[in-house]
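Labels for the chains are A, B and C, by order of writing; each one numbers its residues from 1.
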Amino acid sequence: MTDIATPTVEPMTSGSRGFDSQRALRVAPVVVILVLCIVLPLMLSEFWVDRITGWIPLAIAALGLNLLTGYNGQISVGHGALYGLGAYTSAILVGDQGWPLFLAVLGGALVSFAAGVIIGLPALRIRGLYLALVTLSVAVLFPELVRQAEGLTGGTGGYYITEPQVNSRGVVVDRPIRLEAPEWTGLANDQWRFYVFVVIAFACFVLARNLVHSRTGRAMIAIRDNEVAAEVNGVNVARIKVLTFGVGSALAGVGGGLYALWRTQLFPQSFTLLASFYFLVAMVVGGPASIIGPAIGAVFYGFFADVITPELPERVKPATPLILGVLLIVLMRVAPGGVVGLARTTMARFAVARAAPRGADSESAAGEDETASISRSEE
Amino acid sequence: MSLLEVRGLTAGYGLVSVLDGIDLSVDTGEAVVVLGANGAGKTTTLRALSGMIPAKGEVILEGRNVLGQRPDQLCKRGVAHVPQGRGTVVDLTVEENLRIGAYGRGDDGIDADLQRWFELFPRLGDRRTQSAGSMSGGEQQMLAIARAMMSRPKLLLLDEPSLGLAPLVTREVFDRLAGLISGSDIAVLLVEQNANLALEFASRAYVLEAGRIVGSGTSEELKNDETIQRAYLGS
Amino acid sequence: MADFFRYLVIGLGNGAIYAMIGLGLVVIYRATGLLNFSQGEIAMFTTFIVWSFTQAGIPLWASMLLGVVAGFLIGVVLQRVIIQPFGDPHQKPLTLVIVTIGMFLGINAFAQLIWGTDTKALDPLFGNGQFEIFGVGIAWQKVGALAVLAVEVVVFWLIFQRTKIGLAMRSVASNSESSALVGIPVSRVLMIGWGLAASIGAVAGTFTAVDRGVDSNLMILTLIYALAAITLGGFDSLVGAVVGGLIVGIVTEVVPRYVDFLAKVPLAPAFALILIVLLVRPEGLFGTKRVARV
């Protein structure tokens, strides 16, 4: 132990400066993303709109992981399992029970929420490395359970969200149940799907943002930074931690449910340990402990998987997780705050360069505040 | 030429600078104390000297600037550091603690040295196979000092050996220490809050306040200095 | 009864493999305070190396030993290139968990890149023979696994308790700062710790591969069983890894035989074991009780 405590530096408050860089930084990406979301489906081909739609569930699930790990300091290596649970639940509710699509997604979210709370309960006693261990086991166990529960999930053969329908030649065929555009919109199905997903995602991100800025959110962060201190200050640590696990998992469930609606077929191998790892990659790339970070991370991952990977020569394709693995390690080393952390540091530098030279200290302080977001939880 | 010559040493943690340009020197065989209140930078001084934290300035050991070397490299050059809170490795036995003290040594006199320490401190000998964590604070302090001596240092850095010990035990530790180094040419740089004992033990002293050396002199001079008396001798 | 005895023997044989991976995890945990999630992948990678040597006509025994050497080198390189730049692992275990996950992804993909995705066959080290006790046939391979495990435990115990480097590793694990101050080159000690832990993966992999062949998924399930083993035995106990490994081996073999719905999910009892131990006795059967660092 050092004889002087490591300073905890408050993030730079920029109110005193003419140019409110913090606020601009927060708002600008949101505006850019919203504009892109509106314009892209009108510009891209059906194929690409469909692909990009598939990135949205990832973003929502990564957001859930970020609440849990980035904001609350509880590491989860099993997020893919909760995503899968949401996906299968929603799919079965639609395919077997005939639930309306959105109600089924909600059902998936609730089931994932419940599962999250159940995992979160032992997490009150199990933390750090041990929690990583337990969630890792959940991640490996989940696809095995799906394979085993063949009657319910279709096992290795997969689950198809379909309904029987008589086709034009009078033959009964299984037709996938998908989200279709109402006439009045004048939109193609793929465009409609994209917009609906975006609206749901936007709602999730706004909810998460409000949560983080609420009393509960401050308690989450306080627990991450110093659990004992939080407890002493009257935070109900147990309640907050279990709640965060539940909410983070529910978001994974929403993501999973939307994935099911988008894909209309589910296989256990889509929800292995690797899936959980990819959520971690998305979170770390985008920026832990930032709201917009998971969206950026999901876009990065989607772009990587859907745009870059298909361009690679066949021989090199197995190497794609290698690239992600290396990226994960390098990022943890050079930019543990991810893209958002880098942007904040850069903006802070920029703001300081414009301000008086005296600001040198607060410049690095602002950068440090973000990059410390994961490691700080470990003291 | 002194054994250790420190010029303009600055160091800190993160953004907070703790040492603001320290100058001090220690001669071969000499015992020197740095007095200072809590937070004055005493521990930081020693940590900077033994390479545990990055620092700027010059740390000249036997005519060579050794600033920037790692603790284990400095240990090989003859700097042994007994950290605050003693730093005994509680999961190892007493004998194992002494043996790691000799880690950097390649000679075959290690077993003989061990025997010598067990004779000097019979209590360590009695407990050689017990875990170091099972010993009392005073015993652990003696173990930590003995362990540092196992590296056959030229310079012993001691960080508040009195911390957490009863006054009588503290006195015993200092007496033992004085006995160990008298007649040898081992130099000691001690940082202490307990000025009474430290000034008895050391021949020279520096006064550290808020990261700066604000006074120095022989122990006799400082004992008779009024400000020092008021600030550190509690009279 | 004879059936039960047969399951027991199979379970012990499997348990020996879990214990071997568990030993590697314990060695790294003891040396660095880190749970290395890429342990199984390093073992998988070195098993591919063993396979490559056998393809070059080198006998399996010798190939395995070469794999051990290769594993040591890989461990050393991983520590030097990836782990060491992060500084003291005790300070940021969660960051390093994510880093070992990155290593997991990277090593797994790298193996596929080099050796492709199809499964390679590896012969049993102790042949296909078996002998009978109480009318139950027992494969030499299973007994061999236990014998090799015993050798590994003795070797590691000797290294930790009887050598200078072993003493240094224990010292660094317990208090890296003090260790540096007494002249132990901490970073080099950690490097050797990683090398040792990675070296035994080739042995565990060679035994695992007999039943299922070598591919990039070789160790994913085994890693979970090994984690269950060291959770049960205690993260920092070599003996615990062995006892835990054998118990996990038996439980995951025997329980599903008698409990129908677990027949295809032998992982479930292992998971239950992890959860129960962490809740009831987090330090495990043989581990040192200590305040959690995180």
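FYI, a contact is a pair of C-beta atoms (placed from the backbone, for glycine too) under 8 Å apart; a residue touches a chain by one contact, two chains touch by 3 or more.
This is a predicted model, so every value here is computed, not measured.
Asks: Of all the chains shown, whose C-alpha centre falls nearest the centre of every protein C-alpha atom combined?
Replies: C
Asks: Quick one: which pair of chains has the most contacts?
Replies: So the chains sharing the most C-beta contacts are A-C.
Asks: Express in whole angstrom the distance between the two chain centres, defined as the mean CA positions of chain A and chain C.
Replies: 32
Asks: Can you compute the centre-to-centre distance for chain B and chain C, using the mean CA position of each chain? Integer Å is fine.
Replies: 42
Asks: What's the distance between the Cα centroids of chain A and chain B, rounded to whole Å?
Replies: Roughly 52 Å, centre to centre.
Asks: For chain A, write out the residues touching at least two other chains, lowest number first.
Replies: Counting only residues that touch two or more other chains, chain A contributes none.
Asks: So in the complex, which bits of chain C are touching chain A?
Replies: Touching chain A from chain C are residues 35, 37, 82, 85-86, 91-95, 97-99, 101-110, 112-113, 116-117, 220-221, 224, 227-228, 231, 261, 264-265, 267-268, 270-271, 274-275, 278-279, 282, 292-294.
Asks: Spell out the residues on chain A that touch chain C in their complex, using ranges where they run on.
Replies: 73, 75, 77, 122, 125-130, 132-134, 136-138, 140-141, 144-145, 147-148, 273-274, 277, 280-281, 284, 316, 318-329, 332-333, 336, 374-375, 377-378
Asks: What part of chain C is in contact with chain B in the complex they form?
Replies: Interface residues on chain C, with respect to chain B: 164, 167-168, 170-171, 173-175, 177-186, 288.
Asks: What part of chain B is in contact with chain C in the complex they form?
Replies: Where chain B meets chain C, its residues are 50, 52, 70-72, 75-76, 80-83, 87-92, 96, 99-101, 103-104, 147-148, 150-151.
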